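Take a look at the structure set out below.
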Amino acid sequence: MRDDFWEAVGLKLSARNQLKGTVKEVVSDGVVAKVKIHIDAPMEITAVVTKEAVEELGVKKGDKITAIVKSTEIMLGKD
Amino acid sequence: MRDDFWEAVGLKLSARNQLKGTVKEVVSDGVVAKVKIHIDAPMEITAVVTKEAVEELGVKKGDKITAIVKSTEIMLGKD
Amino acid sequence: MRDDFWEAVGLKLSARNQLKGTVKEVVSDGVVAKVKIHIDAPMEITAVVTKEAVEELGVKKGDKITAIVKSTEIMLGKD
Amino acid sequence: MRDDFWEAVGLKLSARNQLKGTVKEVVSDGVVAKVKIHIDAPMEITAVVTKEAVEELGVKKGDKITAIVKSTEIMLGKD
Amino acid sequence: MRDDFWEAVGLKLSARNQLKGTVKEVVSDGVVAKVKIHIDAPMEITAVVTKEAVEELGVKKGDKITAIVKSTEIMLGKD
Amino acid sequence: MRDDFWEAVGLKLSARNQLKGTVKEVVSDGVVAKVKIHIDAPMEITAVVTKEAVEELGVKKGDKITAIVKSTEIMLGKD
């Protein structure tokens, strides 16, 4: 049962973006599960996009912006 | 130059997770750019992970949890 | 119900690749759904890969090439 | 020199979405490269999103829809 | 049935990371399936992360490191 | 400098796939870095793909298979 590589890890991650929150709902299915999380604290996140996108959108310091992430791209970590 | 498919879009997205914030820094490179964003408002996000992960982590309503996203997985949108 | 951050958005996206088409089939499951889409128009897409891959594949202007995307990486937008 | 695992592969892929086209431009950088591709043939693609997104967007057969993919999610294959 | 673009492909892939192994288990669901694979051989993989992450983690030649991949990011190929 | 959310984390991750190895090379760029890693131990990984892909590829227990991951999808963790 893959117990060999699934242990508590005490590591530092290269992922720039770690959003801390509280689980609101868990819906399990045959293979996957959907987890809704309430993020309460203000935080800073980092996105890497094409330079071309930044130029065409005209993204600059102070701009209001929306960071968009697909739910399948999010991993969960628990202490 | 791809102006044909890069226009302002008035659409609804399937992405569950849209984090609104303010651009703190933009660092451009030859091909890619790094954008740091301060997210101020509390929000709700949705993750889809394997049911197996949810069970092994023991994720349930009320748990403190960390949502982890790689910076290359984040898209940007601007009004 | 996350109605606070799920509204019609009038935004420009950093995603280089927006493929317009027509829904052919929708199969829903407990947590996820599969959507088949017919893309009709010619279009231009942008890929970011390692420079090393480009060199080993010998990718250059005029080459016939296949862009490969996993179905879980695709988001949907609707007017 | 990872020549041991980088050879021509004659395989069938699980990726639902293989878009055939012609390279229009290659811009190389220190580590990554941007490749623009013109897709000429009509094609069918498959997206997997949350059932919730499909319901909120009201996605059904016959709808006009936009499939959105980040450029970093695209792999390239060459015959 | 998308039979038009789902054929055996004899192509070279830009994906740096091709892990060869043996299927241990397949669990199918309505829309998705989970496939467990035993990877036997030593191999080399390539990750692209932010330079910032490399510096903060202090990643350098000879370090012990863990490469982390979400299960939804893995495609399958078969000869 | 985001020091507030970048600390050593002692967490369990939902990522099914944690490949332990040794850094062979680090190439840094303006924004991103490429890290080559030698994985020495055999391991088990889990992929989530469409059920349709599993059926068309005819994936079953005992099959030889290739797991393919794009380098931008890999995160790094360090003890």
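In this document, chain identifiers A, B, C, D, E and F correspond to the written order of the chains, with residue numbering beginning at 1 in each.
Note that in this section a residue touches a chain if its C-beta (ideal position, glycine included) is under 8 Å from a C-beta of that chain, and two chains touch if they have at least 3 such contacts.
None of the values given here were measured: they were computed from a predicted structure.
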Query - Selected from B-D, A-B or D-E, interface repeating B-F by over half of its contact pairs - result: B-D
Query raised in the report: So which has more C-beta pairs touching, A-F or A-C?
Result: A-F
Report task. Just give me the whole-number Å value for how far the CA centre of chain C lies from that of chain E. Result -> 20
Requested in this report: Would you please write down the residue numbers of chain A that are in contact with two or more other chains?
Outcome: 2, 6, 9, 11-16, 18, 20, 28-34, 36, 43-44, 46-50, 52-54, 56-57, 66, 68, 70-73, 75-79
**Report entry** Complex contact set, residues of chain E against chain F
**Finding:** 6, 13-26, 28-51, 53-79
Query raised in the report: In the complex formed with chain A, which residues of chain C make contact?
Result: 2, 9, 11-16, 29-32, 46, 48, 72-73, 75
Query - Contact footprint of chain D on chain A as seen in their complex - result: 34, 48-50, 52, 70-72
Report task. Provide the residue numbers of chain B that touch chain F in the complex, in ascending order. Result -> 27-30, 32-34, 36, 47, 49-50, 52-54, 56-57, 66, 68, 70, 72
